[in-house]
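Shared chain: chain A. Partners: chain B in the first complex, chain C in the second.
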Partner chain A sequence: MSLEAILTQLLMGLTVGVNLVLVATGLTLVFGMMGVINFAHSALFMLGAYAGLVAATHLGSFWLGLVIAPPVIGLLGAGMERWLLRPLRERYPLSHLLPLLLTFGLSLFFEGSAKVIWGADIVSLGKPALLGGAVSLGRITFPTYWLFALVAAAVLAAAVWLVVERTSLGLSIRAATQDPMMAAVLGVNTQRLNTIVFALGSGLAAAAGVILGTMTSLSPQMGAGIVLDAFIAIVIGGLGSFTGAIVGSLLLGQVQSFGVALLPAFHTPLIFLVMAVVLVLRPSGLFGSTDRR
Partner chain B sequence: MTRVPAILIAAALILAPLGVGRFYSAYYLNLLTWILIFALFAAALDLALGYGGLVSFGHAGFFGIGAYGAALALRHVSFSLWAALAVGIAAAALLGVVVGYFAVHSRGVYMAMLTFAFAQLLYEVAIKWVAVTGGSDGLPGVGRPRVSLGPLALDLSDKRHMYWLVLAFVGLGFALARQIVASPFGHALIAVRESEERARAIGIDVTRHRRVALVFSGALAGLAGALFAVFQNFVSPELLFFALSGEVVVIALLGGLGTLYGSLVGAVIAIGLREVLSTYTDNWLVFLGALYVVCVMCFPQGLTRLFARAV
Partner chain C sequence: MNRRQFITTAAAAGLGAGLLPRPLRAAEPIKIGVLLPFSKSFAVLGENTFAGFMIGAKEAGPAIAGRSYVIIKEDDTADPSVGVSKVRKLIEKDEVDVIVGTIHSGVAAAIRNHIVDAKKLWLNPIATNDLLAEQGCSRYHFRFSNSAWQSAAPLGPWAKAKLGDRAYICVFNFAFGQQSAAHFKKAFTEAGGTVVGESFPPFNTTNYAPYFPAIKDARPQFVFANFAGSDAVAFVKQYADFGLKGPIKVLGPSNLVSEDVLPAQGEAALGIYSNSYYTPSYDIPKNRAFVKACKEAGKEADHFLCAGYDSAQALFGALRETKGDVANTERLIQIITDMKIDSPRGPLRFDPKNHNPISDIQLRTVQAGPLRHVVIDVLKDVRHPDLGCVL
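Let's look at the complex of A and B:
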């Protein structure tokens, strides 16, 4: 590979990676705090993209779609947590499988609803003219929209990082992901925090849905692939770890990008291979605690 | 399960094909065949998940490799049902050995992800290795070999004969699973599930028990897959896809973990409802999803009695 080709693949991998961070954040924080693998996360990603599409078509602006979709889906996520997951957790605090079944059912419900409302066919969300074409960055040219996707997701991810690492809310979140019981004992309102984190994760997934949906296309099953990747990223990084989600996502973005370029036929098995190797060497992932949930 | 209802259910299952054409169409017999195969598949998962506490989210891997093994054996080895079943079971058991080697040291969600990764790898292989697996088109026309057992000859293109064959093997599978659970090995396995430390303290080899359980579970799931290949006369990568792994977990959970027979109940509910819904409405996914949610929220206890302890 030439230097230009390597740089291009690096940038593409980074674009995929930062968007994966947005999707993975919700998954990993929800798991850390509630011990729940949220199967409906892919549906929230998908609904985010469609919410963006609806807003953009009715209001005539891609940007409004991008701004409106995350809070709408965030509210939906908050509702899911408050009225479904919380009652379930209060009644069966020890079960990790009931929430799994619940979110599995919700994902089917949302996917089915999307098919009813918007049809099963692929649709596309038009990108603004400003973001068409390509830009040249020194020795390489890069699609403008990809650059936008990279920057927008990176800005959002950085904002989330600041919130999690530098605010008192973030301190509570980090405490609650490490040890929910101890955090509650120390006076953190973990119930409210669960709802906030669920809303935050859902909103971020929706933002990624609009950004990536515009890059490719929209369909009711569009979330499956990316959320699978996000899952693998957080497993590699260590479930429940925010840092792990970032590192895992960025790593996976590069594995994907170079995998597609160098081993086109085998890039998907390559991803699973990376995950299997990490898990065999470090059963709790790179940044996972040794606590076996 | 008490004895009398069990005998009644068994009798009803054996006699079910006689009602075709009189009380219901062959379509329902086909549906029942499908349900039986998935009940065996879910019971296989229950052996690992409900009894062994092994959280597998990759059981489609065992089912799919059993199906592909059977289909490829019919094509390339010998056009005989026995060869098909033997190869399917052996392939799945071998996968159980490999997965067990890597996965039994991890726990909970991590084990779920590792087993999931293996199944997904196989899915990719089935899609990419077109020369052998037919790629994403799968292998149509697997073929239905003639079966003769002494004076008894089965013509598997006859839906009733196919049903009886499947029923016989599913019954055999359930009996085997029950034997395993009731054996000293089964009791030790339950001890491992309940508390690894205590099991280890009384001299149980935890790792070996978990590995062997996964091989048994895999082999039974492989049998289900091999039966499915012959029944459908078709295999495709869908049989290895993670959605199927999720579906079988749902079936086992609905029926109740650690019961074996619960799998039959779970399969009737999950597959029966999906089938009924899909004939009445195109939007069945919405209803099925809503139904899962309602089941979990309103009567989880009735569906899954061993829950808090099992995982």
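Let's look at the complex of A and C:
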């Protein structure tokens, strides 16, 4: 492998990794606070991409699509939590299965609806002319759009990191992901926090949907692959841990990128091998606390 | 007659059939079973193939030599097990006279014995499985598209002459991709070319970028790529994004840049070479009329519509010749084997050795304004090699 190839591979892995952070954040925070794996997360990612497409087509600007999709899907996520998940959890506070089934049902509903509304045809979200072509970075050239995808996702992820790690809201979120019951006893309004976290996670997934959808194509099942990756990332990083989601996602991006280059026939099992090794050495993931659950 | 009405009449006819004297049974409508994927990821392809068949049926009129016909649609969902139960339903319950289908190669392999054992005429519009022209061939089976061999091997010598000596192969990692890669590699190396590298991304890959540095480092003159659906969109877009398309040309079977993915690929597809037995812009009178008929049916012409249309042309042409007699399957087989079909793709006939089509293969390149395929070369009368077929 030439130096150029190594650097390119590194940047590609980073682009995918930071976008994975956006998808993984919602999954891990929701799990941390509610103990629910949100199966509808892939559908929210997909709906984000379509919302971006609709906004971009009707308003004639990719940028408006990128700005409008996250809050719209964020509201949808908040609504899901407030009017579907919360009543269910209040009625059956001990069940982990029912919320899981609810989100699974919702994912089927959203995918089916997308097929009815937008059809099963493969469609594409065009990138703005400004982001066409490629840029030179020292010895390598990298597509402008991919660089944008890297920077945009990194900025978003950094903003979320600041909120989670440096604000009082973030302190409450971290407390609630560590131990929801204790946080509630200490006066944190965990119900409101659940809605906020659901909205935040959905919005971030939608942003990733628009950013990544532009690199590939849009279809009702487009979310399945990326959310599986995000799930692997948070299992490696530690379920419920935000730091773990970041580290796991960035690691997974590099494993995928270099796995393809160095072990082409073995890269799919390689990812699961990494996960298995991490789980053997640290059963609750790199940043998961061992005394929980 | 809609489907429910048909099922009622079909059930009534089925019950009475054993009791009726023979001449009366001959006056029943001809039953044509159509088995295609109408849902899931191949839905669009199934709909288009069926639309093409219906254009042919419309041209043939509502009755053949005074005998009417009914079409019974079944959805195989591109799943072999579903295909088998649906084809059994068509044969045993509906008692169809002829079967038209299908698209997915795995479904075609799965339904093969059920149709052949029932001795039904089988018109296969699309499914490319090589086996149906080799050990798995059958006198009851006629194919209207290409075998996987025909869609890849003829590209070898052509690419050596027109694109260069050094090829890289990048295809999706399942039967169709691997078969096409093996056929292309064999033909290309026999023509004197060198394959400088290979990679096999899994089905449903969304990120192809990690494969590109290896392609660049191998310094090929072109890449032989075989992807379909959303995989083809992601590959083509990212290949262009990473600036490989300029220095390293791309060549592939028709599905890499077919009409169902071309709009989503947009400018990224410009200049990509592909081959097909049918190109909508092919300028012959028969095709101009066909493209117009597709528009009237609310469709854009593509190779699925063409193959569906040709299946109908063969079927109704043969039935006209037998004056609507569908009972003598051997006679229908003989007529279709000898038939010269005036297809939108140009003349089409069948190889008497394996019932695979012998037709021209067009080499095309994607051009702008509006985005379309332009034929740059035609390989005459390409036929599948004789490999273990006994009809």
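Here, the second predicted complex is superposed on the first by the 291 of 293 C-alpha atoms of A that agree within 3 Å, B and C clash if a C-alpha of one lies under 4 Å from a C-alpha of the other, contacts with A are read in each partner's own complex, and residues count from 1 in each chain.
As a working rule, a contact is a pair of C-beta atoms (placed from the backbone, for glycine too) under 8 Å apart; a residue touches a chain by one contact, two chains touch by 3 or more.
Being a predicted model, the structure only gives us computed values, none of them experimental.
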Fit or clash - chain C, chain B, common chain A: fit
Partner chain in contact with A:121 - chain B first, chain C second, else both or neither: second
Contacts of A:197 with chain B and chain C, given as first, second, both or neither: neither
Partner chain(s) touched by A:245 [first = chain B, second = chain C, both, neither]: neither
Chain B versus chain C as contact partner of A:217, first or second or both or neither: second
Which of chain B and chain C A:87 touches, first, second, both or neither: first
Contacts of A:205 with chain B and chain C, given as first, second, both or neither: neither
Which of chain B and chain C A:149 touches, first, second, both or neither: neither
Touched partner set for A:49, first chain B, second chain C, both or neither: neither
Once both complexes are placed on the shared chain, angle at chain A toward chain B and chain C, C-alpha, multiple of 10 degrees: 60
Contacts of A:265 with chain B and chain C, given as first, second, both or neither: both
Where chain B and chain C come nearest after superposition, their Cα distance in Å: 5
On chain A, positions contacted by chain B and by chain C: 265, 268
Touch list for chain A against partner chain B, complex: 31, 37, 39, 84, 87-88, 91-92, 94-98, 100-102, 104-113, 115-116, 228, 231-232, 235, 239, 265-266, 268-269, 272-273, 275-276, 279-280, 283-285, 292-293
In the complex, chain C residues that touch chain A: 41, 43-44, 199-202, 204, 206-207, 209-214, 216-217, 229-230, 233-234, 237-238, 241-243, 260-261, 263-266
Chain C contact footprint on chain A (complex, rising order): 1-2, 4-5, 8-9, 12-13, 15-16, 120-124, 126, 134, 141, 143, 145-146, 212, 215-217, 219, 221-222, 225-226, 256-261, 264-265, 268
Of all residues in chain B, those that touch chain A in their complex: 102, 105-110, 112-114, 117-118, 120-121, 124-125, 128, 242, 246, 249-250, 253, 283-293, 295-297, 300, 304, 307-308, 310-311
